[in-house]
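These are the structures, in structure tokens.
In what follows, chain A forms one complex with chain B and a second complex with chain C.
Let's look at the complex of A and B:
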């Protein structure tokens, strides 16, 4: 622990919870992780992440721009590692955050998550555990604050930089190796006997919007209310 | 020709702490420009104003010598600070500078930098805010900077101006910080007076800005992941829009908290404490620290023990450090070069409920008046 008692637990926390960084939560160093505001070892953090992903409702991965385009050496491999991770989480969905701009008049919550109103995607899909990866830190941070304020979603961040105080479990400086380490932690838990919540529906689940696209249908955004 | 191409890239830690230094007897303006020479700056834009002009003139010379890649005089401060916003968004290392009325003219833009998460260094050579017209030293403009969202360092002397300017670039560009860093000194006392300054070799420079490792995407039309505009107006009238703006503001304050580690590392702590066991303390920043050091020496000659807390960083403010340093204090004075006493207000708010010391409401000088050590001594001991 960092010498303070503030805990970053799943919400809803209410109207405007404080930024965890302003409550004494400090970012982990390389080799450490952050679990609900407390510094932990990387291995302990991965184990917590693995358990939450296997046991909570509607696990979802939110990949951001930094892994959606192979714009830099190593990104394609990191994206592959994200798909490997997804394949180990029965019933997981992948909903991207490809853009940070507000989407007006409204988003399709089955198509994207947007930092301007992330709770719409969380609520619509009844997501109770999610993983942020490849999202620029500023936009991840404001999104995490809003999710914690208004939803009961357990937020996990595999951050390419220094990590996130406002997520319930955060690993800093996460490259493909750390993503694969999380995949390995999930496999280990399953080997130890943990039965995943969606053990009977293995594989990546498509949202209705993704299903339509996969069948070659022309997808239209939801009609304006 | 000497230029940045021939300089060797070293880490900020090496440049600030490990590289051998040599002494030079120079003005604060020269110290700031020597820091910029070693900072691998891409672009400097400013509009001239006393007492900032000499520094930016010297930085113009650095451009002519090849140490800076681009440089121009903008049409006014709004233009200069807006152009710097654009430059920072494209991922290059940039700096600007201003003083009193110029800073006030550009304040709307300055206050927009943190929200846009723009790493840059802003040098402030403090002077009176008009009117009536005056160019004399007074640091009232820092009161306006305190809630602007910028990281704000306040240098005591020419050496600080050199060191804090270099450190500012390193702090500003850390991913978890990604904020502008303002480095202020009191005009004339520091900018136009000479003092010994220890500097590493001009053959060394900071690494270039790694803009793709920061908290927001850069404007880069060649790279798909960042070919997205950001910071669109969040003004649709519904609760979630309000909440996003609120979360955005919280994030700036959170970034300030994260910056503590780097500010402390690169300027050797947020405070310097002299005689921490003393019951009578001076808390000061900027040039008032130098005057306080001399007053402290004179007090010791009189057989009186006085402590001094030099506040180096105004944002983030050294809350924990100040509370710890003042825990034994019985009397505190806060000498300042401004009329409202913004540091006094900060000290009172920080120590409320954490110290039983009586905090005097001064001493203060302003409008260009110097701070005689006799005034500090008088305030220190007038309760006796």
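Let's look at the complex of A and C:
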């Protein structure tokens, strides 16, 4: 951290938190990771990510367009690695970010997360730990800052490029191998005796919107209280 | 290439929102659809935040229906009402800064031609009268004079509707709008005449009274721009808020304006006529 004391902790940090980069947080090199603003080894970073995913409330994976749309070689394999990861996190949900179009007048937070207002999905689903993967960096940056500003969610980024200072834990240059390394770290923690928070909830949990859709039902988001 | 972007990764379809599942399975991409097919497929634009009764939203819905190859189209817009819905459509949308949409369109068109030499890509600027006739005026004209091959569609509501009702160059003489209380002191800019002078290959003026005509006009404009030269469509899309038109009377207003001063007009260069060749568009 170059002697800087700024820590990238779960929020809410309030409106317009400073960009971590402006507070002295630097991006990791290949083989390194970033944990709450501090450079760590890749293995240490994976272990922190694994622990947070197994112990915090309502773990959720947010796959972005670079995972969701199989538009080039390698995407299907990366997508498969994300599903393998999800299957190792009891009670996990997968809420997609299929693209970056604004969604107005109303978003359905059980169906989608949108970079224009990611906090709505976090708040509605009471998500306290999440993984972003396959989101283009310029949208991930703004999304992460909004989440840190207004929620208490622990953000993890598996970035295909240089990583993200504004997430609590970040791994750069993450391809399917890194995703599988995180899966292996989770398995290792479980073998070491860590009981996941949702150990009694097997596999991936569908949101109410996804459940309704899978049954061919018409889904209406709950009215705002 | 373009249609491959619509393949959901294996195992992820069940997590996708309904709208996206519908777009993949029942969307317009890669299909030759007609106006009469509306209602049988998932449209590019479903929800939008525009005002009740908005003629512009109606026009945009039909214009998007008319795109000959939506999977190979990029739309540009700028500040104003139109971008509120265009940016939510399932089609790449580039938000130009006020004034530079047509300059950006030039670059995008040329870049796409370099990147995809074997695949025609359509570029369509769809912006308001303020964006094109006032603030973006110089780049509109430069694009035309330089014979840049893209389509410009003016959503002409004759006012700055998005910011409370200031007069624009396309407001008609004498009109009093909410933020221009003394009345417009000069004539509506003759963009059609300027387009003719600049040698625009296809020029059309219309109102949203005839859906078939809108679809036909936009399709012709896009196809001619793809092969021949710049095209320009000027559409009267009233602002029922700033002109205090009750939503249920928007079409009645459009018919009246069409009859009085905004009749359908189509001007085509000889080259464009030869390109269309009398074929059905």
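Here is the rule we go by: the second predicted complex is superposed on the first by the 216 of 225 C-alpha atoms of A that agree within 3 Å, B and C clash if a C-alpha of one lies under 4 Å from a C-alpha of the other, contacts with A are read in each partner's own complex, and residues count from 1 in each chain.
As a convention for this text, contacts are C-beta pairs under 8 Å (C-beta built on N, C-alpha and C of every residue); 3 or more make two chains touch, one makes a residue touch a chain.
Fair warning: this is a prediction, and the values are worked out from it, not measured in the lab.
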item: Chain B versus chain C as contact partner of A:117, first or second or both or neither; value: first
item: Which superposed partner A:104 touches (first chain B, second chain C, both, neither); value: both
item: Partner chain(s) touched by A:94 [first = chain B, second = chain C, both, neither]; value: second
item: Touched partner set for A:173, first chain B, second chain C, both or neither; value: neither
item: First (chain B), second (chain C), both or neither touched by A:149; value: first
item: Contacts of A:63 with chain B and chain C, given as first, second, both or neither; value: second
item: Partner chain(s) touched by A:71 [first = chain B, second = chain C, both, neither]; value: both
item: Touched partner set for A:198, first chain B, second chain C, both or neither; value: neither
item: Chain B versus chain C, judged by how many residues of chain A each one touches; value: B
item: Contact residues of chain A, present in both the chain B and the chain C interface; value: 68-69, 71-72, 101-102, 104
item: Chain C-touching residues of chain A, taken from the complex the two chains share; value: 63, 67-72, 75-76, 79-80, 83, 94-96, 98, 101-105, 108, 111-112, 206, 209-210, 213-214, 219
item: Contacting residues of chain B [partner chain A, same complex]; value: 117, 174-176, 178, 212-217, 223-226, 228-230, 232, 234, 236, 240-241, 243-244, 246-248, 250-251, 253-255, 257-258, 261
item: Chain A-facing residues of chain C, complex; value: 1, 4-12, 14-18, 20-21, 47-49, 84, 87-90, 93
item: Residue numbers on chain A that touch chain B, as the complex places them; value: 16, 18-22, 26-27, 65-66, 68-69, 71-72, 99-102, 104, 115-117, 119-120, 136-139, 141-142, 145-146, 149-150, 160-163, 165-166
